[in-house]
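Below you'll find the structures, each written out as structure tokens.
What follows is a pair of complexes built around chain A, which joins chain B in one and chain C in the other.
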Partner chain A sequence: MKQIMIHPERCVGCMQCMAACAAAHSRSGHLFAATLESPLPKPRIHVGSGLWEEGFPNRCRHCDPAPCLFACLPGAIFRDEKTNTVRVDPDRCINCASCAMACPFGVIRYHAVPFRGGKKVVAVKCDNCIERQGRGEIPACVEVCKSGALTFEESGEAMKRKTDAVSRSVSAGAEGTELPEGFSLLRAIKKARLQLQERR
Partner chain B sequence: MEYVIIGNGIAGVSAAESIRPIDREGRITMIGDETFPPYCRPMISMVLEGAVGSDRLPIRGADFYERLDIRPLLGARVSEIDVDGKTVITEKGEAVSFDRLLIASGADPRPIKAEGLDLKNIFFMRTEAHVRGMERALPDVRRALVLGGGLVGFKAAYGLMCRGIEVTLLIRSGHPLSMQADAAAGKMILEKLTGRGLDVRTGLAVTAFSGKGRVRQAHLTDGSELPCDLAVIGKGVLPSRSFIPRDHIDLDLGVLVDDYLETNVSGIFAAGDVAETTDIARRSRWVNAIWPEAEAQGRIAGMNMAGQKIRYGGSLSRNVIRIFDTDILTAGIVTPESDAVYTAIQSKDPLYGTYRKMVFREDRLVGAVLVNRIEQGGVLTALIRSQMPITIEKERLLDPLFNVKMLMKQ
Partner chain C sequence: MSRKEENRTITKDGQLLLEKAHRDGVVTAWDRHEAQQPHCGYCEMGLSCRICVMGPCRIDPFKEGPQVGVCGADADIIVARNLGRMIAAGAASHSDHGRDLVEVLENVALGKGEGYGIKDEAKLKKVAAEYGISAEGKDVRMIAGELAHAMQEDYGTRKKALTLISRAPEKRRDIWKKLGIVPRGIDRETSEMMHRTHMGVDNDWVSILLHAMRNALSDGWGGSLIASEVSDILFGTPQPKPTSANVGVLKEDQVNIIVHGHNPVVSEMVLLAAGSDALLDLAVEKGAKGINVAGVCCTGNELLMRHGVPMAGNHLTTELVLATGAVEMMIVDYQCIMPSLGTVASCYHTKMISTSDKAKFPGMEHREFYPDNAREMAQTLVKEAVENYGRRGEIYLPVAPVDAVGGFSVEAILGALGGTPGPLLDAIKAGKIRGAAGVVGCNNPKIKQDYGHVTLIRRLIENDILVVDTGCAAVATAKAGLKTAEAARFAGPGLQEICGALKIPPVLHMGSCVDNVRILVLASALADALGTDISDLPIAGAAPEWYSEKAAAIGTYFVASGVYTVLGPMPPITGSMNVVKLLTQGLNDVVGATFAVEPDPEKAAVLIRRHIEVKREKLGLSSVKV
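On to the complex of A and B.
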């Protein structure tokens, strides 16, 4: 089964995934129309920054076992076994934020969604774009990511790619890792800028 | 194998659900006082509030017992455990023998001493039946009195206010939720509530209730009288353990269990609000009577009863409280007693209405308070749980933009 993979070392912090995610979960499904909707669609992937302002795309890992699922008071969080997706039933959710205390990644938010008139505030998180996948599309965040920080692939394949890259990097005469230089350059610049600020 | 579970709250239900997949043959008997299907106890306050109907309370289908092939003995109260004879006895005299026993009897509201407690419209708030009783009384209620500013007293007051009833809350300490929140967050909660019309009185208790058949007045320790036509007693809970033989099973405030949730008697386990476990932040025995711990303890106890050896990592007090437009999330030690052992840092942003506080023991996080912007609470809770040394600047944890990436090796 294909899954969304995150490669944070490639994230440049452009936040296009956030806009695409919000649009994909809007009533209209289109970015420009989505900006006029009420409730205003919000992203379920959150680009934060690390200690050195490096981009960090953060989204639900669909953990198994999932701490949020165990902690959910009304039993609104469940696992969709077919797609291995941890989902929230907005009808059952009571917005108690018990899951906020349980999620070790801090990826759950609370706001209204286009559900029953869009008034009810509920727990909201990544749903692996199940609806899009049903239409044969890939998750919106992956589709829009230009730097390869988000990919949609078999987890075995992704692992192999990483292992290969590591072994290439340690063998004699290797060309280095598959990560283009631009990424480490961007990182170095951001870090240097922060260090300079601190010194001042 | 004969499994007996006392209590059909979340601890008992989770235990049954984890026994069954491991042992398909064994016989599971659940003895429960309440006849309502397994339900979400915290949600009863939302029923009082009028936010949901009691039809939304059940967390498992009506076929729960059948589906897991459980023999339910509902509406029955265990009155005795015969440890040597491996039998539990109900109030009606029924005897059920066990090879493995789980005590998951939860907690009972702490009673108070006052005259006139037999009057109508004086309630505890622990079960769906209590709230059903309150709902029936509501149409004739104009003024209510709530005793106790703990989680339940506070939720009762909030629920009644949402129903448009004038509420007076009597609390012992200076602010509500003194067990859950530190003084600063407690004060913010108090301001929110009084701002919405709650009448809060501190340092007072009730000596008597009076009225003709149903409550009309409360008489307070300072000699004053308060008119009220409904009263809720929310002075905390006590582990429900009256039927447990203390000469056989070790008790403190709750039933003492080891890292596998087993009591000192082999084959007898305890989980949930009745159990006293090791508190991760306090590093001492503690009764953490909260839903997620009851669920985890029940689940792990069930697996161990069915022959596995799963270690329970200890419990952690934590809570999220949402009132009107304010969220308060607390975990671990929020009001450290000694400055020698703990250091606390905090920040406040009046513009966003946020307040954050982190409590450390050396380089480990042991407590957190977040008022608003609570999304990263789970990351902080995980840090307290894991007791991972904090190697980044501690102030980073106060930043609303703090995220899990900051903890990762670069």
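On to the complex of A and C.
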């Protein structure tokens, strides 16, 4: 089964995944129209800023066992076994925040979503774009990520790639980083600059 | 004081006012910078292109995603086009500022523009002569009119070369000729850059960058130079004057008016109005002891250079100064005026006034200045500022101002040397002064405020390198107390001796950011005196905390004029290592100078010292290994 994989070293911090996620979970499904909707659709993936101001796309890991699922008293959180997706039933959700307290990754948010012709504030989180997958599309965040920080693939394949990359890095005569020169240069300069802030 | 404030600025007034701003619920550039993290890597690397609507496009730096835009432009082309447009915007800004001054000059010639006049007749005649305008039998107004028209020709398309490049050493002009980058028309080069970077025009990244140099030269030897020269003609050529700096220059018991922006056309009139007896009487009537005009940013530097008007701060202080609650009115013209200022001012009694037809801001009252109405409008505004004094609430002025000396125009420096650059060259030849550095540019929340400027400059003067500075860099060192004759004690023994003999500070304030051209003119005078090129001199430039497009243009005209220039923040070019290598290495074979990027001012100082010693060695002067 294909899953969304994250490769943090490749995140350029452009936040396109966030915009695409919100649009994919809007009523219109299109970015521009989505920005005019009420309630405004919101992303379920969140790009954070690391120690050196590098990006990191933080999203639900769909843990198994999932702490949020166990913490959910009304039983609104359930697992879709077919896609291994932890989901929220907005009908049952009582907006109590127990799931967010239990979540180790801080990826559950509470805001209004369209609900039975009106709106309701409920727990909102990544649903692996189940609807899009049903139409034969890949998750929206992966689709827009041009730097390869997010991929949608069999975990075995990704593991193999990583294993090979590590193996190559310990080969005799291997040349350090695989990151492109310009990207490494930018990161090095940013890191040097940020370390200066702490200098007394 | 929390760690956070200390990490944001080295200035005491800045730290204390940041704390106050936080208490008052004022959001600053530092907060907004934090909220923007992480910045988009495509944009940081120059790899996103928004030039046409087949796009927008971006190039995957990891080589898996798209490597070309819809039009087929690769990373090199996209990075070069973006940088070219950045420089074009910078050149356009300075040059448009210059154009406004030429317009005032023209108005003065026509007998319009009440309040303005010709302050420096000698300079008018000198510059007119450079334009081939004879002063014989003509009155001042007639010369002014002819000069204004000749300068307007420099903006157009009728010339093969800008008039004032004649001030550059011959060897330098030959290099430009050989490369085909002699600047022709000020507006032409900017316009051509916009054309070249349109989809489907110049798609050779080297050729785009060559034109970027030509475009920058049209600023450095054109728009900016005209701006500085006409400012001197209209308002006087700066001579050394005592002044002071930091928010402590605001007065507890006076009406405080802050001028912010760049063009002296507005601020000079405000200063004139603030000295009027009727308004001073009104101020006393309202319970104030006087009217205090202070500056932030470069229009402040313009007044400081010519009148010794004090500086309340530099770029990142512009929001904080309002948090003192002691500013009755802030009058802005254009450039570097954060659109957040209206919101900040709404927390206090400060009246915010915008004055230029081309620069309007949210939360500001727009009161347009023209040469014709400027004197009267300034009177009206100062009167309103005085009337606002009574609305003042609690004020917070937590520091005492620091003394400084400003006003070192090229004329003033040569004057201090006895009329020729000879004594300075002798000191350099003798090794008492190793060389000189021009430190310029802005503040940027990416670098702790003033840390880059002050650290770099202290290291340079400690090592007997004479520093000239402008713009926000100049305000940083004024605040840090490096701009008094006594500050010579921070300099190395050789520089200390020279400063003592000439009674000058080790760090000379040369003006606003358009005044960076004064540094070029001084460098040319040194090169001419030695019969050599600018790139042979033991000099360097630096912009440790730059942020703006204007700074990109300045850096580029420095390098294209032969001055090795060290930047603090990285420009958006790392998406193309070809562009990076050309700018940091390859240009040496082209124009005899390169850029370097080094955010750490301690290391930047080493780079500059090393460069200066290498140049000394090549000139056959004593040199040491750095």
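Definition applied: the second predicted complex is superposed on the first by the 188 of 200 C-alpha atoms of A that agree within 3 Å, B and C clash if a C-alpha of one lies under 4 Å from a C-alpha of the other, contacts with A are read in each partner's own complex, and residues count from 1 in each chain.
Quick note on the criterion: contacts are C-beta pairs under 8 Å (C-beta built on N, C-alpha and C of every residue); 3 or more make two chains touch, one makes a residue touch a chain.
This structure is a prediction, so every number in the text was calculated from the model and none was measured.
After superposition onto chain A, partners chain B and chain C are found to sit side by side with no clash. Shared-chain residue A:Arg10: touches chain C; no touch with chain B. In the superposition on chain A, A:Met159 makes contact with neither chain B nor chain C.
In the overlay built on the shared chain, the residue A:Leu40 is in contact with neither chain B nor chain C. Applying the stated contact rule after C-alpha superposition, one finds that A:Phe105 touches chain B and leaves chain C untouched.
Within the superposed three-chain model, A:Leu196 lies in touch with chain C and out of touch with chain B [touch as defined at top]. In the superposed pair of complexes, A:Glu181 makes contact with chain C only, with no contact to chain B. In the superposition on chain A, A:Glu53 contacts chain C only, with no contact to chain B. In the superposition on chain A, contact of A:Phe70 is made with chain B only, not with chain C. Closest approach of chain B to chain C, taken over C-alpha atoms in the A-based superposition, is 6 Å. Residues 48-50, 54, 56 of chain A are contacted both by chain B in one complex and by chain C in the other. Chain A meets chain C in the complex at residues 10-15, 47-50, 53-56, 146-148, 179-183, 185-186, 189-190, 192-193, 196-200.
Listed in rising order, the residues of chain C touching chain A in the complex are 6-7, 37-45, 58, 60-66, 446-448, 451, 568-570, 574-577, 580, 597, 599-600. Partner chain A is touched in their complex by these residues of chain B: 40, 42-43, 46, 51-52, 56, 59-60, 291-292, 295-296, 299, 318-320, 322, 327, 329, 331, 374-379, 381-382, 392, 396, 401, 403-406, 408, 410.
Those residues of chain A that touch chain B in the shared complex are 8, 46, 48-52, 54, 56, 58, 67-68, 70-71, 73-75, 92, 94-106, 108-109.
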